[in-house]
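Consider the two complexes below, in which subunit A is the common component and subunit B and subunit C are the respective partners.
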Partner chain A sequence: MKSLSTSQRHYKVLFITILVLFALVYLAPLYVMLTTSFKGIEEIRSGNILALPETLNVSAWTKAWSSACTGGDCYGLAPYFWNSIRIVLPAVFISTVIGALNGYVLSQWRFKGSNFLFGALLFGCFIPFQVILLPMAMLLAWLGLANTVPGLVLVHVIYGVAFTTLFFRNYYVGIPTELVRAARLDGAGFFAIFRHVFLPLSTPIIVVSVIWQFTQIWNDFLFGVVYSGPGTQPITVALNNLVNTTMGGKEYNVDMAAAVIAALPTLVVYLVAGKYFVRGLTAGAVKG
Partner chain B sequence: MGSIQIQQLTKFFGDTQVLKGIDLDIKDGEFLILVGPSGCGKSTLMNSIAGLEDVSSGDILIDGVNVTDLSPKERDIAMVFQSYALYPTMSVSRNISFGLEMRKVPKAEIEKTVADVSQLLQIEHLLDRKPSALSGGQRQRVAMGRALARNPRVFLFDEPLSNLDAKLRVEMRTEIKKLHKRLGTTIVYVTHDQVEAMTLADRIAVMKDGQVQQFGTPYEIYNNPANRFVADFMGSPPMNFIECVVLDDKLVIESQGEKFELQVAHGEIVRQAGLETVILGIRPEMMTEPKPHVMGALVHSIPMQIDVIEPMGPDTIAFGQWNGVEVQARLSPEAGVEAQTKGSICLQVDTSKAVLFDTFSGVRLDA
Partner chain C sequence: MFDYLEKQLPKLIMAPTAIAMLVCMYGFIGWTAVLSFTKSRMLPQWDFVGWQQYERLFANPRWHVALDNLLVFTLLFIIIALLLGLMLAILLDRNIRNDGALRTIYLYPMAVSFIVTGTAWKWILNPGLGIEKMVRDLGFTDFEFRWLVDPDMAIYTIVIAAVWQSSGFVMAMFLAGLRGVDDSLIKAAQIDGASTFRTYWHVILPVMRPVFFGAVVILSHIAIKSFDLVQSLTGGGPGYSSDLPATFMYTHAFSRAQMGLGAASAMVMLAGVMAIIVPYLYSELRGKKS
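What follows is the complex of A and B.
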């Protein structure tokens, strides 16, 4: 290792100090959320916001999970958590599969107009959610999917395909076309080539697609609030209702616990697959 | 089991015509080389034979059966790609067996084939590795193994040696030739390297601008080129092209301010055609230091001032000027040293194999 000169060492200390400061600024709200969620309501009113809880009181967590009131009902976040799972898993899976096939076709099986089609699909990434609210509501009603979980899955799949196609197309475009030609001469068809040659190469970009779609759909509020019915609301909508429903005083500890519960799955996904995420986003050409 | 007939094949990419009516008749077991400068359409022609590229018109027949509209899979052809195109996630042995697997060959038979092929190509110790852990030469062997395993009617090679270093290229060249001798399967081989073409081919098709310029044995192509392009493309160092004034049935060479008359084998053709000038095509090896045992009416003695000397090892190339154009002569190393010290040499010019081209069209005159 090269030894650093004195001035270089000073810069390094300066940079690290700045980075630590920024990290603290970003972590402070999380700290407050976590500590507050373990405090009793009396302790919150009287104590310092930055102080650690005197005892680990989990009653706010159990209340947020199973008995806090979200509007009229008082079942906590649990039912809505499962609603979100039921929306997110199929939506992520379907949009990733379609995106992978789209990207495979648009990069390796080009046809007349395929570039135009790709451009049109890209355009989908730039359409603001609000623009399609009404027409999509009409479409869902017409399909008989209004206020249902499959309806929300459909909306998220349609919206997500633009992004997943972009991911997979840009990844597969770096894979030499000669691989497809070799496989065709070897007797493999369209799907066999996808399954045996392309899919095994795709781990990094599948991870990118899954993380992206998972966080987008899990965190979505607008579609969730517009297209869900009373029994199919996702957790983001329930969190909003929980925080806005007050019986007596505001229970900050329950609000904080609920917010952490709502954010937990995306955090877990990041922690588990985060290193692949960066790797996948920066992956260029795949060398044979 | 693998004759190919190509009839009036054309191919357009948009408005550009890349194949302009190709006719080739490739015999079963023949080693055919498609050679030409880049952009001549040779790779397109090969891809058309493989079925990877649709043709605009014309027919391709394999063993008399029209395969023009068949998919690559149905043509029973294997191909070795320039980039090797090995499946990066599969082991060497699966790379070799993949084609058989896709064709639903029984497992025991696949294992036997992989063993046979890997033994033939001496890659048994690599079977469990991934392509990324192989050297260029090893990848080349695996790519050939993948083609061999299928035991197809025709092999296509698309510039297979161009990514190897010079020494390995020569080694693999010999190996491919041996392999062809042993298997006897028809091979169509694309290259832009005229040395590869000369050394490997039973017959060569020289292509330019989407047309076959000449189709013949290496001997015919080298010694009896159909036009100036073929003569220029084949041979290293290249043939000399000297524009000469015609004097009766002789050609005039001007060197160091003096004029020399050159007799050629078919001088009467030039006289009958009534041309003022022709292009004399003569290979460097026919312009040497004096060799007393070579005699006859077609052997001349003409001096040349030496501009540059390039020793190649077995012989030495001397550069000079005749009729205002650069010419190259092939000398023995000893004569080369002597010529360099003297600054000039009296060349022995043997026109027995010289050829004549039209000054403007480049068409062969004396064929």
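What follows is the complex of A and C.
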């Protein structure tokens, strides 16, 4: 008995060592990004990629933020960071509100054909967006929204609603329909029931939806690169331009500082609300 | 009148979504299909040429490179991410009770955009100053690691970066599945004298089949849609050696004024996704009903 438990303990140590080693490998890119961003360009050329910076040199950060060249102009990432904010906030808000109402209808106020509608919408979670890129560009041009922030908000709302509806529908489906029936007998209407019964129960799923949409839209590149113009590009597009702008020598420290800046908002959200992030991933992923 | 409106309210609420879906998903798919049968280049034109764009597409060596890359990338990416995710989940499940920190570390790449991932790995893998130099500095002066600039190997750098980004997600899915396995099942197997390995192989893994299929669907979906990662890590290069269908479509539809060809490639991508998704959704929805 005793020898078994020692060998089990050995295994445990081995397994934990493996887990920790993998954790280090997963952390390595972030570590390399951060250390590189604080090094001077000479230090990068002569030193080791894993070495700690000799001094904390923040010049790469200020350059990435305010004066690095991103294709045509050299204002750093700052203007594009704000572009992303101006795209993300309304798009997340609108798609979450629509998704909540849709989910409420599809779970509690079903009508003939509503299940079919849900199925058809669900399919939209899976289409490769390449198949709608060209017509959407034409529609945006026709609406006069090509290369504008409202245009990008519209695109993100349209293709985000499939996901937010899925979240809310699957969440509300667990609430018994008797609740609605009882409230209706008391004379409460559609919106009153939503406001006073469903909304107070919805905090977790609202958090899931907001986090999911925030990460998706902040990290989007495809819509950003196709539907934005010179002044309205989101940060992902600007980062890609910055990295691929080859005027003068390659400044890896500036690239890395820029990449961290672009990653920071979603990383912070993940660290603060990781539990809900995972729930969104798996709900958007496996539940039908 | 008011009563009637009140009754129709649920439908009214759904109407904008239904219209947007009808136009911007199904309508646009139809529109792209129509475009793929025309000669459209810079602008849409409506002279129909039958299957000519598809013939051009499949006669194009670059498209075949993209398809081959997709196959290699998808297979390797899915297999490695599944094995890695499963291994981490199993090790975490049995050995560490307080796994918050480790889980957070494995999963954080998923919160980051593919553009950031590509930028980071482009720097790590670059031949001059990245891993190659690091190993050379250790004394192995002949060490070579130039996959990023090697046309035959560039696609594998995309596999590395994609696995780094997504395997934590697989781990999270499997871990949730493992923790959902009924403890009495495991106890029964142990009482029967089954070894840990046999318990996993015969008792736990079969229960996890839905999770497994779910993960495969998500991963293949990520793989087919991969665009950002290629764009930021290799730009499809060297040459077009690491092109994927998504980057092929973008290049031809938007940079090379080959709208008809781009539309045809998008339709082929849709067909590929549907071949995976439709059976999956069908079995999911049918399973729910029974």
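Quick note on the criterion: the second predicted complex is superposed on the first by the 265 of 288 C-alpha atoms of A that agree within 3 Å, B and C clash if a C-alpha of one lies under 4 Å from a C-alpha of the other, contacts with A are read in each partner's own complex, and residues count from 1 in each chain.
Following the convention adopted for this analysis, a contact is a pair of C-beta atoms (placed from the backbone, for glycine too) under 8 Å apart; a residue touches a chain by one contact, two chains touch by 3 or more.
Predicted, not measured: the structure shown is a model, and the values here were computed from it.
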Sharing subunit A, do subunit B and subunit C clash or fit in the superposition? fit
Looking at A:Val58, would you say it contacts subunit B, subunit C, both, or neither? Reply first, second, both or neither. neither
Considering only the touch criterion stated at the top, classify A:Leu21 as touching first (subunit B), second (subunit C), both, or neither. neither
Please name the chain, subunit B or subunit C, that touches the greater number of residues in subunit A. C
Based on the superposed arrangement, let me know which partner A:Leu122 touches: subunit B (first), subunit C (second), both, or neither? second
Which partner does A:Val272 contact after superposing on A: first (subunit B), second (subunit C), both, neither? neither
Is A:Ala141 in contact with subunit B, with subunit C, with both, or with neither (first, second, both, neither)? neither
Given the touch rule stated above, what does A:Ala192 touch, subunit B (first), subunit C (second), both, or neither? first
Looking at the overlay, does A:Leu179 come into contact with subunit B only (first), subunit C only (second), both, or neither? first
What is the value, to the nearest 10 degrees, of the angle subtended at the Cα centroid of subunit A by the Cα centroids of subunit B and subunit C? 90
Please give the least Cα distance, whole angstrom, that subunit B and subunit C reach in the superposed model. 8
So the subunit A residues that subunit B and subunit C both touch are 189, 286, 288
Inside the complex, what are the residues of subunit A that reach subunit C? 12, 15-16, 18-20, 22-23, 26-30, 32-33, 36, 44-45, 48-50, 98, 101-102, 104-106, 109-111, 114, 117, 119-124, 126-136, 138-139, 158-159, 161-162, 165, 189-190, 215, 218-222, 225-226, 236, 239-240, 243-244, 252, 255-256, 258-260, 262-263, 266-267, 269-271, 274, 277-278, 281-282, 285-286, 288
Enumerate the contact residues on subunit B facing subunit A in the complex. 47, 50, 52, 71-73, 77-79, 81-90, 98-99, 102-103, 131-132, 146, 150
Please give the residue numbers of subunit A that touch subunit B in the complex, ascending. 176, 178-179, 181-189, 192, 196-197, 200-201, 286-288
Listed in rising order, subunit C residues that touch subunit A in their complex are 6, 9-11, 13-14, 16-18, 20-21, 24-29, 31-32, 35, 44, 88, 91-92, 94-96, 102, 104-124, 129-131, 133-134, 137, 164, 168-169, 172-173, 176, 210-211, 214, 218, 221, 224-225, 227-228, 231-232, 235, 245-246, 249-250, 253-254, 259, 262-263, 265-267, 269-270, 273, 277, 281, 284-285, 288
